[in-house]
Amino acid sequence: MRITHMKIFPKMKVSDLINEMGKSRVLGAGKVYKAAKILRKMFNDKDMNVFLSLAGPLVPGGMRQIIADLVKQGKIDVIISSGANLTHDLLEAFGGAHYRGKGFDDKKLRKKSIGRIGDIYTKSDDFEIFEEKINIIFKKIAKKKKIISIRELLYEIGKYLDDKNSIIKNATEKNVPIYSPGIIDSMIGLQLWMFTQENELHLDAVADMHHLSDVVFSSKKIGAIILGGGLPKHYTIASTILRGGIDAGIQITTDRGEGGSLSGAPLEEAISWGKARANADLVTVVGDVTIIFPLLVAAAIDEG
Amino acid sequence: MRITHMKIFPKMKVSDLINEMGKSRVLGAGKVYKAAKILRKMFNDKDMNVFLSLAGPLVPGGMRQIIADLVKQGKIDVIISSGANLTHDLLEAFGGAHYRGKGFDDKKLRKKSIGRIGDIYTKSDDFEIFEEKINIIFKKIAKKKKIISIRELLYEIGKYLDDKNSIIKNATEKNVPIYSPGIIDSMIGLQLWMFTQENELHLDAVADMHHLSDVVFSSKKIGAIILGGGLPKHYTIASTILRGGIDAGIQITTDRGEGGSLSGAPLEEAISWGKARANADLVTVVGDVTIIFPLLVAAAIDEG
Amino acid sequence: MRITHMKIFPKMKVSDLINEMGKSRVLGAGKVYKAAKILRKMFNDKDMNVFLSLAGPLVPGGMRQIIADLVKQGKIDVIISSGANLTHDLLEAFGGAHYRGKGFDDKKLRKKSIGRIGDIYTKSDDFEIFEEKINIIFKKIAKKKKIISIRELLYEIGKYLDDKNSIIKNATEKNVPIYSPGIIDSMIGLQLWMFTQENELHLDAVADMHHLSDVVFSSKKIGAIILGGGLPKHYTIASTILRGGIDAGIQITTDRGEGGSLSGAPLEEAISWGKARANADLVTVVGDVTIIFPLLVAAAIDEG
Amino acid sequence: MRITHMKIFPKMKVSDLINEMGKSRVLGAGKVYKAAKILRKMFNDKDMNVFLSLAGPLVPGGMRQIIADLVKQGKIDVIISSGANLTHDLLEAFGGAHYRGKGFDDKKLRKKSIGRIGDIYTKSDDFEIFEEKINIIFKKIAKKKKIISIRELLYEIGKYLDDKNSIIKNATEKNVPIYSPGIIDSMIGLQLWMFTQENELHLDAVADMHHLSDVVFSSKKIGAIILGGGLPKHYTIASTILRGGIDAGIQITTDRGEGGSLSGAPLEEAISWGKARANADLVTVVGDVTIIFPLLVAAAIDEG
């Protein structure tokens, strides 16, 4: 089939641009076009449960509102997140922020108690408020429950938040479960551990698997939006193995396949494992998630 | 400075999306925002000559129309191109095309005389027409000139083209010089060599440097749009060394800096060599040019 | 300082090659040289506890023996691993294997019940034996304990293994703790969850943090060998935050820094967070761990 | 086939390490093993002409001696190089050097007239000597010839060099042709252009194609060692198209295939174009050439 060349014109909408990418439909532009089409289908298919996998600096990188809005709009059914993105969501819910323009001299940053994530910065003052406030919430939760799963913990935390742009708060309100199997390895996990030294509150790490498997088995179809790789990606696709895998999936990553890591593996590899169906709609876009994800969402919501 | 999160809304224009990226202004989105801003300045600054460097599969990858349109609109003053992009521009000008959907089995493709460039395909039939037609043009040119520079050769070729979307034709019409120091290493070069076996036409490889240095010295300011790396990138920035380097530059590449190659080097490295001014506006976006370049152009022309 | 060029000669030892890299000491070769030097220091410094972080397909990719041997030789003091590497260690300990040469057609592989990891393959028969045997072990452990931490679970599993090349077995014998905070997200975790449906055995996910913090505080110095990124990398360096970070670290990764992900972040970023000391010996080698790690180990043990 | 795990032992030779990589034979290690085997065959097969393609900072990066030694030992039959590597070879032949440890502040470097290539540095003093000395050589050559091909120019330059480690000098002595179709885009090219402003010496850019095609057609077999990508890679494989492509090839690159650039394309893509035979022995190793190339050479010469 002949390739038609893309055209750029004034006042172009994002969905126009994606349509132009659909004319050439090769290289990166071809993958973006395919991803936007799959995403649109995911959002519009009432029978499809959409799982959103979050790894990498999404909240620090400016993606918080987009994710929260998708949850608010009912477009996301399940979240699987790294502990870090949840920590940073709380950091902002408690009044903290992420910053830019602090420079790359890590020794100087350390002296000023500024943590660096690429060209994003955090302040230890904000983390101190985080510690204080999360402990108040832990106390309230511990009064109600003694054993709690990670999902339940996050659901409870969401009840005490006062920030309508928080991912966790919106998930609680929309009853969207958040799984975070590696949460122990985050500031939330660290604070929880310290809290449990003096308070009775047991985190049941296995309990969520039962809940998740119920969600998986009750889904007619499953679509996965995989931002970054890591443990959230694996948990997302592995959870669907008993039903033969996901039906649709888009993955945005800067990692590559040749090292064999799951983070860099093309989604097609998941077919061999039964983590994606043989006829699933799958696409992997190699690129920066802060560029590619907003582009896809803007295009996908437009032709809804 | 606090990071504000990006927001996606319906009917969003590309320029709206880039403005949202300017709110967070970190990671890849931050670089795209900065690049769009620099590109807009390049397009609008009457005193700035814009050099466009073309490497990698831009014409095969669907970028031909965008580039031709920018030339047509007077936004580009100088082109420095790989021989391949010019060959593929002619391939289409002569009625050939680029194709998709032919599969990745290189042995099978070879049997069908299909050449592969990533997921883009070419047919040898089209190259046969290319050979026939370029030789007719060479003959016409050889009647007029015996010694010719690469730039002059391309200028002359442009006169004989009948395709209003051709980069070369538009460059000829707009009097935009095309430099292609490595053209010998392309199908144009190969055909020219075979032509010169039986016809008198000498390609003076050094002659263009005089012309280019005149262009450079007569430029009040120089901005460089560098798509891909390779020889075109080097020639572009090196040509400006005698005036202290470029004043502004954007580079889109998937290569990285740690190997020390020029293709992967951040534009800032050019400052050390005097190929970019110390105070130049520079940004390197790591990403697929078929995604990033249309995005930047759409944003830049909108707020003109 | 002038760069001296590398020289290659017959019968060259790996340590000779690394010494040649130390002559040029730039680009990738310079980083490999620095990493080998740091690794040698880690192995030889009696006061330095060495933490080994395992992510990516290390056991499937042929690194199992090297890691087991390092544990056997007393060169590793703490292991932080993805659940997958431990699963694959057990797969082999129970008689299974990893395979090559099965092709890349994921749909065909699925039909043959072969799972793909890059160009490495697994058979579902081996996983069935894994399931059977790990359940027998779980049963034995459940007779002794009702609540168990992840580290204790792995320590106990090691007692029942009969494979002298197993990482887990050697760790048990050498009393090297294995932490695996994300183990739930692995076949070990899945089997454990199913086991706990009918048997009483609680996995205490938080319990290891106490143990690990004791190890960290009792270490005079800490050196980190970080293979791949992900949760194991974060857990490794974050665990040292309360003592000001690691004293030395080498990281081998194919991911890059510009996306802001922890996996791709240079180790220097950890200084800003207090996860590496300001004066720590740090180096990040961008490359395939199956090439770089054996090279470094061979060089480091030679000049012991 | 089952994967056997690699083993590391004291006093290990590089060839031992590569043999261990041949046991696992997957991921990067598998590619390195295959590349070492192909390279050994290239060096030992009397019927195979070996083409060496040089792009990226090889001479600055410490590879000069290795390349010169391979030429000296008769292992290389043809060199295709970027102009930059030849410029940097002359820079050292004329007494200049490459340096390390100058820092990454490009504005400061510019003020000190230091050029940066990754973490390698050059001094403008050395370039001034280069200019002076290359002009003396140009003068001598211009006395003998008025029209010269690039290959002839480099051959002649080699006669006037007094440095037994120079690539160009050794090529001249061993009668190994050096092709450099993009030489105009380098300091040699710039100096030549300025020289020709006042002296009569014409560079015939097309002339070498005749010579190269003779070499190609007289080769029973052709093996290609491709370091980096760019124009040298294309010229190397494209030159063999009329005989059906190369018979064997190894490529070391950090670029990737998804962008469709030739630099990142796997060698197999060349089969579709007839630039590699359908049954050719081909392997692409993704990695830093300053690590991978010395490793391969050390292994290949050992089992000669």
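The chains carry the letters A, B, C and D, assigned in the order they are written, with residues numbered from 1 in each.
In the analysis below, a contact is a pair of C-beta atoms (placed from the backbone, for glycine too) under 8 Å apart; a residue touches a chain by one contact, two chains touch by 3 or more.
To keep track of the chains, here are their UniProt names: A, B, C, D = Probable deoxyhypusine synthase.
In this text, all values refer to a predicted model and were calculated from it rather than measured experimentally.
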{"item": "Most distant chain from chain D, judged by the mean position of its C-alpha atoms", "value": "A"}
{"item": "Selected interface, B-D versus A-D, where C-beta contact pairs are more numerous", "value": "B-D"}
{"item": "CA centroid of chain A to CA centroid of chain D, Å", "value": "45"}
{"item": "Approximate Å spacing (C-alpha centroids) for the pair chain B, chain D", "value": "26"}
{"item": "Residues of chain C engaged with two or more neighbouring chains", "value": "26-28, 57, 60-61, 118-120, 254, 256, 258-260, 286, 288-289"}
{"item": "Touch list for chain A against partner chain D, complex", "value": "26-28, 256, 258-260, 286"}
{"item": "Touching residues on chain B, where the partner in the complex is chain A", "value": "1-8, 10-14, 16-17, 20-21, 23-30, 32, 57, 60-66, 69, 97-101, 118-120, 165, 254, 286-292, 294-295, 297-298, 301-302"}
{"item": "In the complex, chain D residues that touch chain B", "value": "55-57, 60-61, 82, 84, 106-107, 109-110, 114-120, 181-182, 184-185, 189-190, 192-193, 196, 202-206, 209-210, 228-231, 234-235, 238, 254-265, 268-274, 278, 288-289"}
